[in-house]
Amino acid sequence: MTAMTMLLALLAVQADAKPRARDLGVPFDGTPGPLNAITDVGGVQVGHTTLISGEAVRTGVTVVLPQGKGNKNQVFAAWFTLNADGEMTGTTWIEESGILEGPVAITNTHSVGTVHQAVIEWSVRNVEGLNWSLPVVAETWDGGLNDINGFHVKPEHVFQAIETASAGPVEEGSVGGGTGMRAYQFKAGIGTSSRLVKTEHGDFTVGVLVQANYGVRSQLRIAGVPVGREITDLMPERRSPGDRLDGDGSIIIVIATDAPVLPHQLKRIAKRASLGLGRNGSIATNGSGDIFLAFSTAHKDIGTEEGGLYDLKMLGNSELTPLFGATVEATEEAVVNALVAAETMTGREGYTVHALPHERLREILRRYNRLVE
Amino acid sequence: MTAMTMLLALLAVQADAKPRARDLGVPFDGTPGPLNAITDVGGVQVGHTTLISGEAVRTGVTVVLPQGKGNKNQVFAAWFTLNADGEMTGTTWIEESGILEGPVAITNTHSVGTVHQAVIEWSVRNVEGLNWSLPVVAETWDGGLNDINGFHVKPEHVFQAIETASAGPVEEGSVGGGTGMRAYQFKAGIGTSSRLVKTEHGDFTVGVLVQANYGVRSQLRIAGVPVGREITDLMPERRSPGDRLDGDGSIIIVIATDAPVLPHQLKRIAKRASLGLGRNGSIATNGSGDIFLAFSTAHKDIGTEEGGLYDLKMLGNSELTPLFGATVEATEEAVVNALVAAETMTGREGYTVHALPHERLREILRRYNRLVE
Amino acid sequence: MTAMTMLLALLAVQADAKPRARDLGVPFDGTPGPLNAITDVGGVQVGHTTLISGEAVRTGVTVVLPQGKGNKNQVFAAWFTLNADGEMTGTTWIEESGILEGPVAITNTHSVGTVHQAVIEWSVRNVEGLNWSLPVVAETWDGGLNDINGFHVKPEHVFQAIETASAGPVEEGSVGGGTGMRAYQFKAGIGTSSRLVKTEHGDFTVGVLVQANYGVRSQLRIAGVPVGREITDLMPERRSPGDRLDGDGSIIIVIATDAPVLPHQLKRIAKRASLGLGRNGSIATNGSGDIFLAFSTAHKDIGTEEGGLYDLKMLGNSELTPLFGATVEATEEAVVNALVAAETMTGREGYTVHALPHERLREILRRYNRLVE
Amino acid sequence: MTAMTMLLALLAVQADAKPRARDLGVPFDGTPGPLNAITDVGGVQVGHTTLISGEAVRTGVTVVLPQGKGNKNQVFAAWFTLNADGEMTGTTWIEESGILEGPVAITNTHSVGTVHQAVIEWSVRNVEGLNWSLPVVAETWDGGLNDINGFHVKPEHVFQAIETASAGPVEEGSVGGGTGMRAYQFKAGIGTSSRLVKTEHGDFTVGVLVQANYGVRSQLRIAGVPVGREITDLMPERRSPGDRLDGDGSIIIVIATDAPVLPHQLKRIAKRASLGLGRNGSIATNGSGDIFLAFSTAHKDIGTEEGGLYDLKMLGNSELTPLFGATVEATEEAVVNALVAAETMTGREGYTVHALPHERLREILRRYNRLVE
């Protein structure tokens, strides 16, 4: 561990007092980066605006900047959807052009429009030469805890999330777009993780950030252990107004890498997030919007409408296998991190969603011979 | 022609004094419906809000209601993109669920967010039992004539377009979302057309509505005649601020049918719009957002998250061929209708886009032995 | 259990003396059908031709008939590929038409052509009125154990597999197309499983058949237990000639259901096989051809080129969630069944692939508190 | 014109005495290469084996070698299907890997299997280090003129087509895989064309080869002129045994370029073939297999399962527009070349398909003011 990575790890501890899955002794495959976060991929910045006020405002917005502020953020990208009861705008042009331009924003389902326009406004003012924009805005539904039809996310919240985005540790749990979210009927929200991949052609990092809001309790597996069948209490009350089918929900997954991979290779990487969810027991219910975006920071300033002749590097196909593994592993861990970081929350009309109880989790893992002690 | 269809045709003439391509003697294949409009498909309603004011406001919004107001507008649907430098939100879930719920809105590129949120607000207030919404909002770029970064489309304009949507004749040219649009470097905007299809299993209608804003002059073919090479004057000035690559642009195409076809069959129908554009000479440039949506009104009240066991009808595959032909023909004609209906417009910073000159068009068609006299 | 299902279960025991995963105490979610096989879906028939001779012939062909011999086998279908280093012919037309016509055949990579032509020959002779055919032939690579470039699969082997296909128990392990296959560096091949799904609209069955030939040992999880990290011996020797990257391989998955679901819904079901593989630890390596086909037997005689107007039933979307769960669970189990049924095999140039040792598996499951005793 | 290109053009005239569309005065947009053939793309080789014997053998096989014999023929590639009632094997892996390896073969529908296995046999013998192969074999249906169920294409015919493949002029019409094919109910088969594209970043070539076997007479447009409505005689007799729906058929299109474009950009190029067909009046009927493959010869030796770190060039997106135009134009012309080159043929059971009459075509073009004299 270099002095720099130690410093970063130290900062991580200070900035985010919340425990993480590894702190509790949950075992995972692979080697994480120093922050065990999407920001281990150089240049990536994350910002949150968290809105918690009164009885029923429990929402926010999270942004991921592929190459940071002051950069055009034009990177190769691709997307995949495991189950599409959700929205991620901008994907049509990403699919065609192979390129993502600008920030990725994640919010609640009914704030997509506001955030979309706010990203355009911010881009018009801040990106030189920009005269059109097709922003990427994704969502999950927080209408259980949050007054979703109050439309509490405003343009200034988006500007703030972008302006305060930073490298370094990423706060997890009930923050940003994840503020009012739940997964496997526990409180959840934002989670992140990363993996280091060593190849003959250099060492690369894969980072994952999730906004987790999906899944039925009984399906939850952590490190292969049927935790959801062991903890059958602590269920949210079933509420009628504003609630959708119990257990439906969504998960947005953003995958970053510094490996030099092309758009069609990024699509392959994006697909692997499914396998991470599979490890955690997901069956991708009908009402779930499980949408994944992958980008590579290896090449810069490749505009979707630009001309020119670019010099690129490409990893050969068989080098992708370790990147696939890293994506599966980091997705698996990021979801558990979201569950571990989130605390019990009460919101709209007194509706309460419970946190995953840490000590019980440890006890269950021990019983299944999976606790790292 | 029944009394009813005569009445509808008469209304069409009265409501819209603008000439249409057939009025000028342009030949097309196939048999149009009484209105030669998307509203020939029973139940479909179209509404426009047109914003023209001052020097630089030249924009608006157009909505298509698949089954009309007071209906849940839950219909089988599918989409296809020929070239995707554009946005149509909501398509991810349409692709997965096979279902469109609610209105389709078309506006300018930088008003997608406002329109998206306005459709949610309208739906929450007006659709019983709705607690989430993933609206379909599409766009083309009018930043040449219109002050696109002034964000002039407001929620009330969307509400108005929905509330005033109606069956009957559809106004074409510089109206609604098409207000500031141009195609083949002529003024264009909204166009529509329809075809009647007779089969052993009943008579069906295919209706098409386009928001046309694409293409380079030299590529324009009308009825197979190289009109774009004959009219090389009347070009818009090339302007620098706010303009994108000359000739780039987009076309949004909405295809409606009352034929009982399933989502995967609607995708096939949506694809055929490409062939209609091919007839008009399109090469689908890099910067064009050529995005097509097809829906069938044959089945109602099929929600994307509903359960139940539905009784459906399905046309066998070989019956689709005439529907494919109808789609190609109606797309070809709708684009020419958009060009014919639009009048010369001056907008932002005095920028002018010229109308396709009707008499010169007739003269050229005559010279190529294609004028219907 | 009715007399009939008891009889079928009894037949299963008699016909197939090989143990299955459940017999060893491996726990799985959900309720299997009486045979715990794809043939629990009424009408489905499976046939194997197994070719084992001399030192190096270790191959064969397996066929799945969606509705049995004497039937046109025209059913709604869809496919999905998790990673596509493989072949499944005929999928292009399935994607477009939504329909599978005729048998599904699975063989080795270099016998696809022979099997393809043999299916055409058989169809021309046996299906009335057939004048063209686009057969579905899939493959995995058995060139480690089998002399794959000897092209030992002949047309008569395909005819035999079709002619002897039957309902009832399905033989697993080193049979049919699975004869020379290995998974997670253990001997594998054919596996099957099924699930019963109860809904308000009737009870349905989902059946899965896999030809498993993929995966690296260290990734293997069984019932969530890291079995591959516990059994690090019994590895195949790494051989040079004819071998591909260690751990690469493929898995073909065929999913049948009697639920009345449309092609776009079947695509969603096919995608869920990924999540079953995720549970078993797959990362879908670059060189793996993980291709899945799903069909529904609920509607018959729907030809890809037929006309007509069909009456159909469709399950509403939210009813699909239990079918998704059933697919995940049956896929997870079918893979383990393939591993459990296969016995150690020595083939080409003395190359040996070991069976998964049953007693050690039980001991490991016990240690992780997952053995069903 | 350099001495070399003059020589090539001269060779073209000598090798192929058949007239081409331009020779007859048909106008097309754009600038063709010296051979006006796919072989204008450097390295591309084409070979035909034509089987005409007895009353009913009217078939064959055509191969396209992306980089010529003695080369691994590993190139970036992508595919698209406008309507998929047909087969092109190998596309699943092309879609995923972005790479085509080995020859592209085109034959009749029922010889796909034979050709598939023959390509494997040839590859195993001739490509060093090859231990598996997923060949690309496409087809159209010649069962009207040809005894398709006689399976007359044998492995040696495939070997011969590969071994005799060459750069230089490409024979058109009733040759190779196109021997028994018809389009717009005229005799057709193989056609080719090319375009030169000048950009700031170098000059590139786009070449197209089609095996045309699709379309209903009334839809035929040549240079925008409704030729199919002018020539309503010379129709093939409708025959019952072995014939499919009149007018159904297929078109396989292979697009080659030397421009440095990535797989996702090649998919965009492949899509543009649709617009070329649109210009000729196609509606892509239900029974048509309209499948397009595009590859770039700019990068060599990029295996689908290889590792390594590659240096690549990529044209920026806005440079693609002229390549799109070139693809549309060359597709339009290649189809007409196939029609012009083919001569009237009588085959199975005396069935006759007529050639497009050259003088009548010229007369019609003259009447519509489109003849180049």
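By written order: A, B, C and D. Residues from 1 in each chain.
The rule we apply is simple: a residue touches a chain if its C-beta (ideal position, glycine included) is under 8 Å from a C-beta of that chain, and two chains touch if they have at least 3 such contacts.
Every value quoted in this text rests on a predicted model; they were computed, and no experiment measured them.
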{"item": "Chain pair equivalent in interface to A-C, over half of contacts matched, among A-D, B-C or B-D", "value": "B-D"}
{"item": "Far-end chain from subunit A, centres as C-alpha averages", "value": "D"}
{"item": "Centre distance in Å when subunit B and subunit C are each reduced to the mean of their C-alpha atoms", "value": "45"}
{"item": "Distance from the mean Cα position of subunit D to that of subunit C, given in whole angstrom", "value": "36"}
{"item": "Shared interface positions of subunit D, touching two or more other chains", "value": "83, 96-97, 245, 268, 286-287, 304-305, 317-318"}
{"item": "Partner subunit A, residues of subunit B touching it in the complex", "value": "81, 83-93, 95-97, 109-121, 124, 131-135, 141, 143, 148-149, 151, 241-245, 248, 286-287, 289, 291, 304-305"}
{"item": "Sites on subunit C touched by subunit B in the complex", "value": "96-99, 200-202, 260, 262-265, 268, 302-319"}
{"item": "Residues on subunit A engaged by subunit C in the complex (per definition of touch)", "value": "82-83, 219, 221, 223-226, 245, 268, 271-272, 274-279, 281-287, 317-318, 320-321, 324-325, 328, 367-370"}
